[in-house]
Structures are given as structure tokens and as C-alpha cells.
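Mind having a look at this structure? Questions to follow.
Think of it as A, B, C, D, E and F in the order they're written, each chain with its own count starting at 1.
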Amino acid sequence: MKKNNFSHITTFMAMDTTYEEANVVVYGVGFDGTTSNRPGTRFASSAMRLEFDGLETYSPTLNLDLEDFKVCDRGDLELSIGNTDKVLEEIYEGTKEIVNDNKVPFMIGGEHLVTLPAFKAVYEKYKDVYIIHFDAHTDLRESYNNNKNSHATVIKRIWDIVGDNKIFQFGIRSGTKDEFNFALKEKHTYMEVSTINTFETIVKNLEGKNVYLTIDLDVLDPSIFPGTGTPEPGGITYRELENIFKILKNRNINLVGCDIVELSPDYDNSSVSTVAACKVLRELILIICDKLKFKN
Amino acid sequence: MKKNNFSHITTFMAMDTTYEEANVVVYGVGFDGTTSNRPGTRFASSAMRLEFDGLETYSPTLNLDLEDFKVCDRGDLELSIGNTDKVLEEIYEGTKEIVNDNKVPFMIGGEHLVTLPAFKAVYEKYKDVYIIHFDAHTDLRESYNNNKNSHATVIKRIWDIVGDNKIFQFGIRSGTKDEFNFALKEKHTYMEVSTINTFETIVKNLEGKNVYLTIDLDVLDPSIFPGTGTPEPGGITYRELENIFKILKNRNINLVGCDIVELSPDYDNSSVSTVAACKVLRELILIICDKLKFKN
Amino acid sequence: MKKNNFSHITTFMAMDTTYEEANVVVYGVGFDGTTSNRPGTRFASSAMRLEFDGLETYSPTLNLDLEDFKVCDRGDLELSIGNTDKVLEEIYEGTKEIVNDNKVPFMIGGEHLVTLPAFKAVYEKYKDVYIIHFDAHTDLRESYNNNKNSHATVIKRIWDIVGDNKIFQFGIRSGTKDEFNFALKEKHTYMEVSTINTFETIVKNLEGKNVYLTIDLDVLDPSIFPGTGTPEPGGITYRELENIFKILKNRNINLVGCDIVELSPDYDNSSVSTVAACKVLRELILIICDKLKFKN
Amino acid sequence: MKKNNFSHITTFMAMDTTYEEANVVVYGVGFDGTTSNRPGTRFASSAMRLEFDGLETYSPTLNLDLEDFKVCDRGDLELSIGNTDKVLEEIYEGTKEIVNDNKVPFMIGGEHLVTLPAFKAVYEKYKDVYIIHFDAHTDLRESYNNNKNSHATVIKRIWDIVGDNKIFQFGIRSGTKDEFNFALKEKHTYMEVSTINTFETIVKNLEGKNVYLTIDLDVLDPSIFPGTGTPEPGGITYRELENIFKILKNRNINLVGCDIVELSPDYDNSSVSTVAACKVLRELILIICDKLKFKN
Amino acid sequence: MKKNNFSHITTFMAMDTTYEEANVVVYGVGFDGTTSNRPGTRFASSAMRLEFDGLETYSPTLNLDLEDFKVCDRGDLELSIGNTDKVLEEIYEGTKEIVNDNKVPFMIGGEHLVTLPAFKAVYEKYKDVYIIHFDAHTDLRESYNNNKNSHATVIKRIWDIVGDNKIFQFGIRSGTKDEFNFALKEKHTYMEVSTINTFETIVKNLEGKNVYLTIDLDVLDPSIFPGTGTPEPGGITYRELENIFKILKNRNINLVGCDIVELSPDYDNSSVSTVAACKVLRELILIICDKLKFKN
Amino acid sequence: MKKNNFSHITTFMAMDTTYEEANVVVYGVGFDGTTSNRPGTRFASSAMRLEFDGLETYSPTLNLDLEDFKVCDRGDLELSIGNTDKVLEEIYEGTKEIVNDNKVPFMIGGEHLVTLPAFKAVYEKYKDVYIIHFDAHTDLRESYNNNKNSHATVIKRIWDIVGDNKIFQFGIRSGTKDEFNFALKEKHTYMEVSTINTFETIVKNLEGKNVYLTIDLDVLDPSIFPGTGTPEPGGITYRELENIFKILKNRNINLVGCDIVELSPDYDNSSVSTVAACKVLRELILIICDKLKFKN
């Protein structure tokens, strides 16, 4: 008889299904090597694992409970910090394994560049993949700090892969004039400047499609999400994001991969950004799991 | 002739009426013994007394001025920290004395469990008391950490006393599935998930009734109220709370007791939570005093 | 041939036109000597110069780019800290020089009292000047801490100069009963309590007029602007301020002087206030430059 | 073939021996229920597990390496927070199990009261146990806040068990006159006021004896250990503590139980206290393991 | 029978003797108007009143207890913030009243300039007064920021009053070459650069004399006293200051006035500076009271 | 006639000699790409330029004044952040230009890896160069995170260039057993564990030699230098470092290059680390200039 209860913090609360049995696999990728402003997104996943315990497993907004699904928190990927190319390869391999095992990868960044190799791994399997991108910044530069691979170029690199009419950008409120011209004038990407009002229409059009969802958490207003490298005032509120979650839940899109990036916990003095990231994680995992329920 | 002006910080600004003459009595209760997440609400009242000086005594929203009313700040209740049962008894006795002297008690927590003994003291005098409860969390657990008395069970304990149809919960956005089922499906309490839109209708129905108002300040969004134990994104803005204050002012309810709880100043790096708590305190005191004016 | 790139932080990014060629001159005034609550606005301009680099030069909201205009960052004015009268004189002289050289002065405070001498210098040149004033506080006291010149009296001092029907106050939500009575009942100033809805109508009426714009950044809600001396909950959001910028851009008013005041960087733990101040600076400079374009 | 490296933070680095094989068992006890000043020691063990990774497993001071020993980090004990008596019982049972399995318990508090039940469990097995106590405070009150069991009474409670001539206090620099009188004048405990110079002599006299070592980390000066509930200037430096470690290593005492208490990570802005606590943990574990080597 | 204990924070713990009965009078002077670097010493006394409760009334170092003496905390002097000359006058008048009532004034700054008017008031009564000055900085400039009265000129202004051979400076490690030349080469003041070793000899020579003691707390090393406007590495440790206290206790000098200045609590994230200031306050008050005991 | 004083923060105070005339050239290198623990040393030079103004130009310890020497602050080197190899090349080229122009390069890191390319540039010119290395960590790993070039391998890489008997390490208190074995047992480097007592003897032996001095500021104890990536308790105090400066001043060594690294300002809440780094910068520049005086 076990009299005493000793417990380890090992996984995100209620994400302790074995890898083999899980439908969704969460993993941390602590890379921030091309971050040009405030660094520290490397610490996001470990800060979130501690903070997540303050939430409940049940979401009243979605009326879904983590306890009812099979999610595996696989821990953090070990990375060759200091060598960007090697790190990108490691993320690619790590994600590919999960995708090849027919599980949905859910990556916690790190900076936004980590989306590139994760998306590549998903894209290689599903080919016809649309990207829904929430962000404050365009991330459409051709190169940045003399590097083609950067947090500021990541969506341009994905556009190099998928081409026109595949990328849908929301919440964008910062970029160079050239980036906006590229997105808006040539219609290379769908970008709605400053507002996210037409989100439902677009998601409706994506029903039945494979979708990779990447959320740069700085899409949220700095009032609720100060803990990030480059805060940009004028963002969406958490309640607006909640409405987006409801739309995602109600629309029949295939979420084949997902990531949330750019939480930098050491700039999050009051922890509200970390809590918000945790709640976003919970809601998105619930939405993905809820969709898989009908599939499997 | 006094040439020099030395002054002590002794009370909340303009709440220096003697206990005997006062109609409303403010007191601090620095207990956070069952707090499961970030502690520190014990420091709320002393942090607020310092910060309150940055406000004015006049409220343009309510067009009322603290200088025109008789409020006594009685200081903080001394507590047997470490022994939850004894502390609850001490709060009960402290509140009872105020209630018995026909004054309205206004308690500054401390964690939410302090509402239980304060409410009991009020309930014993007025019996037919309705509870208006603002919070991010249901607080309807049957027990928590093996304890029946906890910040997470406090409204359930009050329901044990008053039963159905007495408790009105607003702003709730976190809880277990069971707690929501208890509140919503059995109609044990009135709870409006995620929104507070029908507040006016409900308060209208309570006109002429005795009401105890308990505000867990984490009902506010973490963007404006980060300094609390368990911040929960998706809360109401301060301006929404201001509209609630206007409704409370305009409706003829008898506010027989009030508390604000769960400010944790050491997590409030920029002091905005403490300032918000102070402004809530000022507005609620003004509303209570304004109603008493017509009574006395 | 220069092989290596060494760079100095010398000016706000893209505000490096020489004084002689510039149309708009930005300068810092680090005075906070009458601040009664939290001090530190003295550090605003140097904190902003560092933080500004995280922004882009292009504004998607206004579709204007700093690179296209001639702005000079002249650095900070050296002040006789400790002697309020002397400091006011120094600000007056510094602003006068810019005004006399037919450039638009854009001052970064400092506490709000610095607006008085800057406005005086502008007023002496243009005489018929209207004041648009954004603030949380009335700043209409007759005297404060025994001083006639104070951050709490500055708008009253400007009223002493310009008289009735010249001052338009927005976002005000704090003051004494007397201050509100002065503003509202006697119509000495136009003040819209708590809301800013009629801003467009008023600016429309000011078309063709000379306008001095002073923004106490605490008009923003403390959720997005905690880093200030006296945060006051219930303020406007950054997106509301963006709408104001659009109106200012679209209406034909002559902006003959401008200031933003009351950022206190050491209370801005997460830097979001400093970033917000930088974005306000960029948008206002763009608006002023855009108007001058048609004039020159 | 495992291509990718995912890792979980599960234990203190290099303390991942199974419970069955381990000689020393580390466990966290997150209780701070009687803390009268700044709370938060509940977070010590989880903060330390993250921070510990910044250290090496090898100690040049002791010339010993964690990799060479069998240590089990058993995680944190689950506690009935809110009920002090129940919590003390849970700590007692948790420690007893380890002691009964012939392993050395190494507890990470929590506040200092947690030493009482842990010591009891050790004492019941070994009976003849001496206590070496490092602290800034006497902890010899008879009762505190109306409670006999408190962080301020814990050594008095241990004296109730062991009586005179068993307790050796070092680094003490704060207490009531009565507490110092009790310790010094009646020779109930050995206490050296303000200095720790005679430590070596005393440890020499304890050779061959069973010793329980309890270190309230606030014995360190607040310059190196600010992150604690009640910092007290005038403490020892880390290098002085290192000398104490060398003495402990070189003297033949039987360390039958050990704890380090009173780290409060949320008051440790720069993490130096947490790092210091981690280094103390490493050195003490190494010393205990080194002694066991010769025994087993 | 009083059943409930409500208490106000009104005075420093155990400094609640009435003004009339007190021998030593403590008062706060929240002026920081000439501070050129980080401001905020205005908050020192109120931060200290809260923090002081974490200490005991008994000092084991001095074997004296505050409970045994008659000390009055008179609160804070109300000041005309913004007008340096008026403020200096107010401090002078406030101190003079205490001195004239034959009580020892103990001022808590504020910036160092506040010492000038307080010293003047003391000097006018006792004339033959020596100054013991602890500081990191010389404070011997002739003028600073165009002002003769400044935190950087205060000791020079006192030298203007008392002349050569009266001022003894300790712990100094920063100043201009001219200031050091003034102090060292002309022997205008006694200054021991970088060390404080000969303190005892000097105090011995002052036996029987009237001494005003002014401690700029930045004499302490920034490791233990970060919370100040201009931290200067290389300062004394708290234990070195304790030895100074012992010397002051043991030598027969007449302490006719005392101040401690330059604590800036908002830069004291972990509160260790505030705690250190409180402990310095306690020890100095005990020393002064102990000396008075033999006089009265 | 210039009436008003506008000033830009352009260089470290009193380091405004033109590049051409200067003897010593200071430059910032904001690279932290291989940092494995807390990042942010990229911000060191800009934080230091602001903080430096709080110091004086005169050093009483050395009796030397910056005003008397020709130092050029050349600003920060622009780097291809994200590509470690390219960055190392850029630092090498930047340093080489200065060395080739017969000026002494003084680099402000950045993480410790930046020393490698800077040292290479110096070594190529002077060949027979000794390295004096202050650090808490050995930095002697062969590879780290799969990279040969890392902050944890930098001294090993320098040993690859210079071989045995050239490197003198002081203050080291952390490393793997292998690193210590490499340094101590094979005598590859001179390393004195835990103490720095024999520094004078060694420097005496280096008289007449070319010396490159690299100071990882984490050699200082975390009490005075918390703002760094990997704080390690047990370090030297600032006053011990001051004694080292005096020795360096008094011994006839040729300082042909110098760097200070590993200040991470965003972890330096109270700024004491940044101030300490500034003071180290001032003292070392003064020492180098003082030596050059006799040479030129």
C-alpha cells in the first residue's frame, strides 16, 4: 500500500498518454538563435509546464476536457544550439517522426523560425496544405541580418514552398512597406491588415482542406501578452482569440500540424503571458482532439 | 500654533471617521492559508493603503465624493496565521461586531475563503441575503487539497448555507466540468458563462432585497489585473466593471456586506492591479454610502 | 573601403536629418521635478531611443514611412534639475529656437508640466492656437503642493493664457470635483468624461486652425501603459488611439507643436509602455510630416 | 533506432537513480502555511530543478562528482495545504518511509516548520541524534501567532524532544531577548552569536555521532540570498559556507538526515538565491554520499 | 471586553511613544528633487515602516531592545515638492521644532540634500558640532546642474558653515579629481579613501564632543544595498557597518542629530536594501537611546 | 551663439576621441548565439553606455582620469545574428582593423565566444601573447551542444592556438572533472582553484610580455554581479577585483588587447551588475592608457 504521494512534474497536466497511444504529440523546441530583439523563447516550454497546473483540464468555452483525450507531452527536443542549420535539421527530423507515426505534431517554440522545418515535415506528408498564420509581424522579408532563414523571413520561406493562395495571415500590424506590398498588392498571401473580421469566411472556404496552424503569440496585444521578443501594440484581445477558437472548432478543417511560438517567459514578470500561452495550448489541443474523434 | 506638518499613513485616504460615527467600516484580512497557487494576498490591504493616495476622493463616473461620507478604516484584523479554523473564527467575530453595531462591513482579503466567515456573520443578522459573486473561477468544489474549507470551495460552502436561487455568479470562465454541471444543469446557482450581459436584468430583480457582494478581483482580465494568485485570460475590462458599478448605483438593492479579495501585490510589478483594486474599493464604498444616505 | 560596420545609437531610427534640413525636430526633456507620485519620466527619451529599433519605419495603419520624411532627433535638452523655474525657462528657450527656425517642435517629456513652456513658445509665434489634450487627469488645479506650476496644474496655466473655448480635453477620468466643475459647468474647456466618441466632430470643427497637441500617455489604459507615474484604470485602448490617429491624418488641421509626456520607463517592467510610446511617436511624426508635405 | 532526442525535466540533474537503488533520497515539501512574512517557499523545489541544470555535476571544492553516486529525486510530496496538522503528519509519514528503507532523507522545504516532522521521523529511528542548525533566526519561540507549531518555534519544538546539549546553532543574528536568554544563559542550545568561528571544534566533538543537519538558507547574507521570506543583513558569505562544507566533509560524523529550507523563488528576481540553494544542495549531497561510500 | 484585534500600521514598530514623552524623534522627509540619477528616495520612509515589522525589537549585536526606550515616530513631513528652496525651509523648521524641544532628531531621507537644513537646525542650537559622514560619494562639489544646493554639493555646503577640521568622511570611493583634492590635499575634511580602518581612532578623539551623524546608505556595497540612486561598487559590507555601530556604542560621543538617506525602494526588487536600512535605523536609534539613558 | 544645450548619447562618457587620434578603441559586440543558459549579453554595450553616466571620469583607486586620455568609443559592430561562423568572421575583421591601426582593441561582449576571433586578430599581429583569463567557469570543453565553437569551449580553442604555458586562469570555480584534469593535472593552463591569491606573483613573471586580458564578469560573486547567464556562487568581491587592478597598474606588462564579457542586463534588475561592468571598464581603460602614456 502506497502511503505517501510523491509526484514529479514530468508532462503538461493531463498530457501523459504514452507516445504510442497518443493522437496528438506536444513537444518543446527551445531555439531562439535568430531572434534580433529580446531573446529567451528557449524557456517557453519549461515555463509553461509549471504554469499549466494553474489551469483546469476543462474548457467551458469549448465544453471539452483534456482528460477525455489522448495527448502525449514528449518533452523538449535536444538541439545543437549555436548552429542554426543543424538545429533546423533536428527539428525537421523530430517532427517527421511524429508525422510518420500518424500523429498530429503540436510544437511549442522557440522563435518563429522553428515553424519552417516543422511545416516542411508536415508538408512532405500531406502536400496540399494551407497555412493559417496569426502574427503581429508579416515575417515576409527575403533575408534578415544577412540570413535567409530567420524569424523575420519564415513565412516567405514557407511561401517559397507552397506558392500563392495558400497562406492566410491574420492580425498583422507591422512590417516593411515592401512586405506589405508583396502580400497585399500581388495577392501572394491573404492578409487582412489590422483586423481579423473575415476569419470565419476564410475558414469556411478551407473546409475539407489540410491546414497547418501557426500562431505567433505576439498577435495578442502586449497588454495581455507582454512576454515576447518584439511586442507590438494594437493586437487582438484574448476574448477575440476565443472567438477564433470557436470558429476553428465549428468548421470542418483538417488540422494536420500546429505550433505556438514566441513566448519569452523571462520578460513575463507577472506570468500572464505564460498563462495565456497555456490556455491557448489547451484550447487548440482540445480542438484538434475533438476533430480527430470524428475521424478515428 | 503648529508650524510644521507631520503626517502618518494611518487609514485609507478620507476614511478616517471614528468607528462609532461611521456607517461603513473597512478592514483588512490578510489570510492566504489555503491558496494553492501563488500566495501573497495577505499583503493586499497594506499595499492598497499606500497606493490609494494616488487616486482622488471624487469619482467622475458616479459623481460622488468620499469626503461627503462617513467611512472608518479600522485597520487589519490580527489573525492566528497557520491555523485555518481559528482564523475563520477570528474573521467571523470581527465581522459580527461590525454588523451588530449596524454598520456595513467592507472586507479587503486575503484569499477568497475569507468570504465564508464574513458572509456568515452578515447572514446571521439578515437571514434573507442574496449573493452577487464576481469571479473568474466557480469556487464550487466540494473539497480541495483534502479540505472542505478552501478558496476553491468557498461558494459551495455558502450554497450549503443559503441553498438554491440565492447565488448569482458573473464573469466565471474556469472550473471543473463537475462544477459547471452543478451550477448550470441543476440551476443551483445562476451562472452566465463567459459574459456578464444580463447583469442589469438580474440586479433589477433583486431590488428591495438584501445583497452581499463578493468580488474576486481576478474577474478582471489579467491585462489589467495581473497581481493575483491564479490569473485567467479572457476576463472583463475595467470599463465593463465601471458599467456594473453604474447599474449597482442605480438599482435599489440593500448592500448589507461587501468584500474584494485576491489581490496579491507582490505579483503586481507595475502596481496597476493594486491601483485597480483601490479604484474598485472607492467606487463600491461610494455606492454603498450613497444608498445609505437615503436610508438613514 | 570600409570593411566593418560599427554603428552608434545616436538618434531615433530614421530621424537623422540635420537640424538645418529637418521639418520636424524631436527632442527629449527629462524633467520630473513636480511629480507627486512615482517619478522617473526623466528617463523616457533615452529608453525610447533604444526601444524604437524594435519597430519598423513604416506604418501600415497610416501607409506612411519615416524614411520618406525629414526629421531631426536633436537629443535631450540639458536642464538645471532641482530648480523648477530655471528648467521651465530652459525648455521655453529650447522650443523657441526650433519654432523660430520654422520647424515643428515635437517634445518628449518628462512630466506634464514641460508642456507649459513648450506651448508658450509655440503660442508666441502663432497666437491663435487650439489645444487638443489627451489625459487621464484634468490637470486643472489652481495650485498643487503649494506650487502654481505643477504637473497637476499645467492645463489650468495654459487656460490662463488662452482662455475659454480653446482647450479640448479627451479621455479624462480623474480629478477633484472642483476641477470637473470648472471644466464642465463653466464650459471653460471642452471635456468629454470617460469617452472620446465625439473626437471626430471636434477635429472637423478645428480644420484650418493651428493646433498644439499634448498627449499625456496615461490616457491609455494601465493594461497597455503601466509605466507611468499615476496609472488610472478605465483608459482607452491602443486601437482606440489608432482611430484617433486616422482622424488626425484625415482632417486638415495645422499641427504647430506636439508633445507626449509621462512615460516612466523604470515602472515599465515588460517594456510595453515604452514600445507603445514609441509607436505613438512614430504615428504622430508621420501625421505631422504628411501634413507638411502639402504645405511645403 | 532512435534518431531524435526528446527529454523531460523529471529530476534534479544526475539524481535519477531508482528509489530502490538509491542511498540518498531528495524530496520537495512545498509548505509555507505558517510563514508570517513573505510567503512562497512552496515553489522552492520546482524552481531549483530548473535552475540546477546551470550547474555542473562536479564540485571542484570537494573534488566529488554526482555522477559517481546513487541519488534519487523522488519529486514533491503532495500536501493538504490549508491544514497544518495534516501537512505535518504527511511530511512525517513521507520521511519515515525513506528512513525505514535505510536511505538518507534530504528534504527541500518549504518553510522551516517542515523540519519538525522530518526530524521526528529520523529521531525515532536513531534516537541519539544531534542537530546542527544554520539560520539567521533563533526559531526558539514558545509560540507564535497563537500557534505552537510555527517556523518561528521549530527549534524549540525540537528541543522539547531532544533536550539540552543536543542542538548547535550557527549564524544566528535575530531573535527576541527571551530567545537569546534561553539559548545562551541556560545553555539549552549551543549558540554562537554573530560568528561561526568555532564550527570546526564543535564538529570535531561530534565525530562518530548521528547528526541531523538543517540549513535555513537565510543564514546566508541577503546580498547572496535575497530570495527568502525574512532576509536579515549581516549573514555569512557563500565562501564561508564553502569552508563549512569542507569541515563537514573531513569530519567523521554520521549525517542521518538533512534539509535546506526557506528559499522563496518569487522574491529571487535574478535567480542568484535559487542558484545558491542548488549549489548547497549539490555540495551536501556529495558530502553525504562520500561518507556513505565508506560505510556501505 | 475587546474581542477582536484590529490594528493600524501607524508607526515604526515600537516607536510609538508620544512626541511629548519621547527622547528621540524619527521623521520621514520624502524629497528627491535634485537627484540627478535614479529618483525615488521619496518613498523610503513609507517602505521602511512596512518592512520594519520583519525585524525584532531586540539587537543581539548591541544587546539593547527598542521596547526599553522612548522613541516617537512622528510620520512624514509634508513638503512643497517642486520648489527646492521652500522644501529646505520646511525641513529646517520641522527639525528645529524637535531640537528646540530638547529631543534628538532622527531624519529618514530623501536624497542627501535634506541633511543640509536638518544639520543647520541642529548646528544653531549646539554650535560646536562635528560631522561624521558615511557615503560612497564625496558630495563636495561647489555646484551641480547649475545649483548650489544639490545632493552632490551638500557636504560642501556644510563645510561652508563649519569650516575645516570638523567633517570626517568614511567609505568615500567616488568623486571628481577636484573634490578629492579639496578634501585630501587641503585637509579641509578628513577623508580616508576606500577603507574605514581608522574609524575607531577618530571616534575616540571625538569623545565628549557633539556629533551629527549622516549616513548615505550607498556607503554599503551595492550587493547588499542595490536600492539607491547611484550604486557604486566596492562599498563596505553590512558586517563592517556593524563593527562601526559597536564602536559608536562604546565611545562617549554626544549624538545630537542623525540621518540616513538615499534608500530608493522602487529599485530594491528583493527588499534587501529596505531591510538593511531598517536594521541600520534600529541600531542607531538604540545607540542614541543608550547614550541618553546615562544623560537623563 | 548657442543658447540651448541639446545633447545626444553617442559614446561612453569621455570616450569621444576620433578613431584616428585614439590610442584605445572600445567597441560593442552583441553576440550571444551559443549561450546555453540565460541569453541577453547582446544588450550589454548599450545598457552600459546609459549607465556609465552615473560614474565619474576620475578613479580614486588608480588616481587617473579618463579626461586625460584618448579613447574612442566606436559603437557596436553590426553582426549577422543567426550565423555563428559569419559572426566570428565579422568580429575578427572588426578587431583586426583596430589592431592594424596600432590601437589597443577593447571589446565589450557579448558571450565569451567573442573572445576567440578578437584574440586571433591580436595574436596574428603580436604572436607571443599570454592570456590572463578571469572567469567562474573553465571554458575548456572540447565541444558543447555539438559545436566546437561555444562559450563553453572558448579557452580550449585559444589553447589550440597558443598551446601550453600561455594561459593563466583565475577565479575558476565550475567545470567538469575532465576540464579540471586537463588544466591542473597536465598543466596545460595555470589554474588556481577557488582563490586568486598568487595573482601578483604571476603578473610579475609576465612583466615585459604581451598580454591579452579577458574578463568573464561572472568571476565576480553573484551578489555583486547577478546579471549574467550562469551565475556561480563563491566568486570574488569587487574590492578583490580592485586589488587586481592595482597590481595590473603597477606591473609592467604590455596589454595588447582586452575584453569584458557576459553581462546580461535584462537579468540585472537593480542595475548593479551593469554599474560594476562600467566601473571595470573605466579602471581597465585607465590602466591601459596609463601604460601607453609611457610608451608613446
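Operating definition for what follows: a contact is a pair of C-beta atoms (placed from the backbone, for glycine too) under 8 Å apart; a residue touches a chain by one contact, two chains touch by 3 or more.
Going by UniProt, the chains are A, B, C, D, E, F = Agmatinase.
Bear in mind that the values here come from a model prediction, so they are computed numbers and not experimental data.
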Contacts common to chain B and chain E (chain labels): C, D
Centre-to-centre distance between chain C and chain A (centres being mean Cα positions), rounded to whole Å: 38
Euclidean distance of C-alpha centroids - chain B vs chain F, Å: 56
Contacts with 2+ other chains: residues of chain B: 38, 221, 223-224, 267, 269
Overall pattern in which the protein chains touch one another (line/ring/star/complete/other): other
Pairs of chains, among all present, that meet the touch criterion: A-B, A-C, A-D, A-F, B-C, B-D, B-E, C-E, C-F, D-E, D-F, E-F
Contact footprint of chain D on chain F as seen in their complex: 37-38, 172-177, 180, 193-194, 221-224, 226-227, 230-234, 267-269
Chain F - residues contacting chain E, complex: 53-58, 60-61, 65, 221, 223-224, 237-239, 242, 269-272, 275-276, 279
Parts of chain D lying in touch with chain B, wherever the complex brings them together: 32-36, 38-40, 42, 79-84, 86, 145-147, 149-150, 266-267
Sites on chain B touched by chain E in the complex: 3-11, 27, 46, 49-50, 73-78, 90, 93-94, 97
